[in-house]
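We call the chains A, B, C and D, going by the order they appear; numbering starts again at 1 in every chain.
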Amino acid sequence: MTDHSNSSGAPTDLAGRAEEVVVGKGIVKRWGSVTALSGATFTIHRGVTGLLGTNGAGKTTLLGMMLGLHRPTEGSLEVLGLDPVRAGAAVRERVGYSPEHHTLPADTTAQDLVRHIAEVHGLPHREATGRASDALWQVGLGEERFRPIGTMSTGQRQRVKLAQAIAHDPQLVLLDEPTDGLDPVQRDDMLALIKRVGTEFGIDIILSSHLLEEVERVCDNAVIIAGGEVVASGPISELTGADRGLLVEVDDRAPALIVALRAGGAEVSIDGSRLVVTRSGGSADDELYDIVRDALVESGAGLRRLTNRTVSLEDVFLEVGT
Amino acid sequence: MTAVARGWGFDGPEPVWPIEVSGASKWFGDLVAVSDVSFRVGQGVTALLGPNGAGKSTMLRMLCGLTAPARGTVRILGGDPRRDLGLTRRIGLVPQQEVVFESLTAFEFVRLAGVLQGLDDPDAAAVRALGIVEMPVDDARPTSTYSKGMRQRVKVAQAIVHDPDVIVLDEPLTGLDPRQRLHMIHLFQRLGDDGKCVIVSSHVLDEVERFGSRVLVMVQGRLAAEGDFRAIRELMDDRPHRIRIRSDRPRAISSGLLDRGVVMGVQLEGADAAVVETDNVGHFRQAVADVARQVGAHLYEVSPLDDDLESVFRYLVGR
Amino acid sequence: MTSSDPSIGAPASSGTGAARILERGYRSYDGPRLGARGAMRSLVRHSVQRVLGLKRTFWNKILPFGAIFIAYVPAIAFVGIAALLKERFARNGVDINQVIPSYAEFYLFVWAAILVFAALAAPEVLCTDRRSGMLGLYLASPLNRDTYLVAKATAVAFVLSLVTLGPPLFMLIARTIAGVGPDGFGAFIGVLWRVVVGGVIVAALPGALSLAIASTTTRRAAASAAFILVTIGSAVVSETLVNSGASASLFVINLPYLPLELVGRLYGEPAGFVSSSSINTSTTTMVVAYLVITLGCAAFVRFRYQSIRVTR
Amino acid sequence: MIDSAPPPPPPPPPPPPAESGWLTAADSSDRPSTPGAFAALYRLMLATQVSKARVLSLGAMGLVAVLVGFAIGRADVFDPVRDGTRFINGLGLSVLVPVATLVFASASLGELNEDSTLVYLWLRPVARWKIVGAAALASFTVTWPLVTIPLVIAAALTGAGGSLVVGTVAGVTISMVGYIGLFVALGLRVKRALPWGLLYILIWEGFVANGNATAARLAVRSYGRSTLSAITGVSLRLAEISAPWRWAMPFVVAFVALAYATRRLSRQDVA
């Protein structure tokens, strides 16, 4: 493991970067009659943070405000210790951004594009060329970096977008739907890459996405926006994981199993093809596991899956984001 | 939810399949998009999966008659979608591209579809379709100002306004947030339960698992697998099942399973977990609870590691 | 991952003695950052390269270099004539300055090249960024909408100066060397500042107009065509109106001839030097009109770019 | 490659239409064609074709025509009828009418094809000739006023009197019918219709068909010219096509072109 500590909070030997990456207090934003944000207060810490919200909940507006592109109607926002409205250029110099759309100049090569974006972020010409080449290797683009972007697949295009966001060594990278349009295999590779950037590279990431399963897999913490306000935020381990009994899936003989379980004193309800087994107290203590085990033996049902029924990020999102 | 295909084994006259493709091939210049694909799709929800560029969109376009197969035949409800114009009354398509008529509002766009379908009361049909996709009927803003999610729902509304029997959807879930996606999935399930034939192409596999379990997997223009994805997993007999067991005494359970010859290999993970490999998953499922009770161990978790659709997909794509 | 320079001090990773395995992970950058000004410089360089077709296929080089060729050939030819045939003309009593055009008249030769470059440059630097999504990336960098536009305008000005400043300067220097130019340092400076100011006059209006048109659409071809149509259209309309008796000051809406007439008066040419319709239009009205049109176009571009919403 | 599992037992045939699912089944008996479809298509095509950029650029061209008409009227060196007719024929029939029609008609179906919204009209039980017909009619409805009004004002300004005005309207209308057919079909046939259309106007009509009388019959412009010169009595070059053909041929050209467009629309691949 490199000697670079990641988001464990201990100040790193790099210029002692602050623990809070983005701090928002009572942010309000109105586009004419439409209120995009109505008093969002949150703190985003180092590491990989998922930004979640229903369509039109103000996610894209918030990303734009972090880059200093829009001015908050009320409230204050601080990115990397700076005010993006006044010190916009200084903030944007230290931040990488990968937009939601896939359109990139078709007749430019990936190497030229990434180098140009690095230069525009303040790197001298020679360093920009070197770092662009490094960044493209890191995202897994070999010789196809010298082909025009127009000839690249969606998967390669998403990698180019990520490379141009990290080439100028930003402290923070904003990714807007980075896996949009990718098939499952490409998606996994991209998520693994994002995880590496957030941990090995030591660059903090804010990932805006609709796919909760992705956020759960890659992010350390999450901020959920609904109706223009931050309705939940914090480490994902704290948001989810609350225990709500057991989930049992069986091949066959489900009715017999249900009878056996109820005989053993557990409560059973059906969620689609799965059985939800709980004790009156709701928590899954050893006794409940044994009841399930014995009921399975008794009913002779083939056990396909037995897991704790924990609160998923989707449950949090649906309950909170009313 | 395992989609129990309604009314299997109906013994009426030679049954007409909603979708029947035999030996279909299609190429653009020397790029072979679809090569010799044959399958049948009945009522209920079927997911069409495959990596980018596998020929999914081309296949869906052939199903709707938007393009003709170079070889082989495509039959929708017994007819040829390319020739029989009347068939379009019973087909609904949600295309992949985002663009709709910019100057029209949602209601006007869906109502236009109703008029062109020759409905008796296009207004009522449009109101009903927009209601189903949870879109306001009186929104005066043109579709050009809509977000991706709203535009997607309007596209679904125009596809169901004439109550078609076959509904084809090309990646309908992109751009929808979790709530809208859940709602759309329930809609597909309702349409499927109602006897419609719904074929959906999608990349979000854990969502597809919620549609139902019947899948068609296309890889490099060819059909790689067809049927209930769990059944497909069973057929993948050249790959042992790997199952993770969490217990207070994982070693005892593992050795118990080994003694019964149900398990081929064991890999201990930390103090409370073990990953076992078995080539006869049926026996394993019967034995695991029994062995746990025999050795008096608490059985905290039993979760297959490669039983989900994603591993089936990776297996088929990786071959 | 920070790694001090591997060759100095403790090696970046494990291994003692002769051999070591180096960490090839991500290297952070601690060097100087050039801020918004550096960003503008690189944007100018990038834009100029795109207009001239450098780093792009051969086809993209034809129009720009063709225009440059058209602009420099007359300059070279006239200087050659002046230097080589001066004696022969002098012998049979012909003053060399009758043969080769004055500085003001010279612009009539390169006017086609200037229009082509103006029609080509602005759409290339503005339209492609919006169509290719690059504007979103630029605005997420230390640039903002104003510094972005200043950089783009500088790029267009530089490209236009290749054909408006270059050839006359070339001709002035060559004529002086050939001994037919202005004599004495004072006179040389006198002509030099006129060449520079003349170059700016001939470049600013077409450049600003082309930028304004390019800011309204994302399609390059449409913007270039529109620029040429507007330029020629304004000339036709102005000529018809003035000739059919409308007020003389309507000459000022003749966009192609207005800059040329101003340059003519700068060099002391008689009024009506470009076309008869400008004879009774006073210089001041022309200067005022020139400024109004140029600054108007610039303000229009800035207004358009203020209202473009990049992150939806 | 795993051999595919034995096909599951065949499902039942689709429910007979009468049985109502949770959506009341619409009456899906095969009526010959759908009532009101043509009107709906026509309204849609009108909305999609009128774009600010097109109307502005055509308005500017119309303005130039009015200006020239004004100049001819004011300057006494011109003979209003003769020079007025020549000007209407030169700028109006040869440039304004073909270019304006090209801009609108080629975009009517071409643009739907390009931004892939055609599927929402094509995948319907609607006869293909209705789609093509609606597009042509919409193009005509938009282009005709935009071209005729400025030319009529210009004709009036020249002071040549009623005959030139009537001649202008007749000539413009006749040639526009031919152009509409051609350019709607062109918009469907080629991806970038504007350059090809301009080539037809400048090279074919402007140069090739100018050779002699028989060649002139191959250009739509000649029919408009003949009509104009017949009404104003001013003889124009290559404008001697006799009465019945003069106004009949453009309709024939339009009909053939739209028939070709209909066949192509029904056979083409749709995005």
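By definition in this document, a contact is a pair of C-beta atoms (placed from the backbone, for glycine too) under 8 Å apart; a residue touches a chain by one contact, two chains touch by 3 or more.
The structure presented is a predicted model; accordingly, all values stated were derived computationally and were not measured.
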Query raised in the report: If you tally the C-beta contacts for A-C and for C-D, which one comes out higher?
Result: A-C
Query raised in the report: From the centre of chain D, which chain's CA centre is farthest?
Result: A
Query raised in the report: How far is the middle of chain A from the middle of chain C, if each middle is the mean of its Cα atoms, in Å?
Result: 46
**Report entry** Cα-centroid distance, chain C relative to chain D, in whole angstrom
**Finding:** 41
Requested in this report: Averaged over CA atoms, how far is the centre of chain A from the centre of chain D? Could you give it in whole Å?
Outcome: 53
Query raised in the report: In whole angstrom, how far does the Cα centroid of chain B sit from the Cα centroid of chain C?
Result: 57
Query - Multi-partner residues of chain C (each touching 2 or more other chains) - result: 312
Query - For chain A, residues contacting two or more additional chains - result: none
**Report entry** Numbers and ranges of chain D residues touching at least 2 other chains
**Finding:** none
Query raised in the report: Taking touching chains as linked, do they make an open path (line), a single closed cycle (ring), a hub with spokes (star), an all-linked set (complete), or other?
Result: ring
Report summary line: Chains touch one another in the pairs A-B, A-C, B-D, C-D
Query raised in the report: Touching chain B in the complex: which residues of chain D?
Result: 1-2, 4-5, 7-15, 21-28, 30-31, 33-37, 40-41, 44, 47-48, 115-117, 119-127, 269-271
Report summary line: Per the touch rule above, chain A residues touching chain B in the complex are 52-57, 153-155, 180-187, 210-213, 250-251, 272-273, 286, 289-290, 292-294, 296-297, 300, 302-308, 314, 317-318, 321
Report summary line: Note: in the complex, chain D contacts chain C through residues 53, 57, 60, 64, 67-68, 70-71, 74-75
Report summary line: Per the touch rule, the chain B residues reaching chain D in their complex are 5-10, 12-13, 15-18, 40, 42-43, 61, 64-68, 77, 85-86, 88-91, 93, 95, 97, 99-101, 103-104, 109, 112-113, 115-120, 125, 128, 158, 160, 162-163, 165, 190, 194-197, 223, 225-227, 231-232, 235-236, 319
Query raised in the report: For chain B, which residues are in contact with chain A within the complex?
Result: 1-2, 50-53, 147-150, 174-182, 203-206, 282, 285-286, 288-290, 292-293, 298-304, 307, 310, 313-314, 317
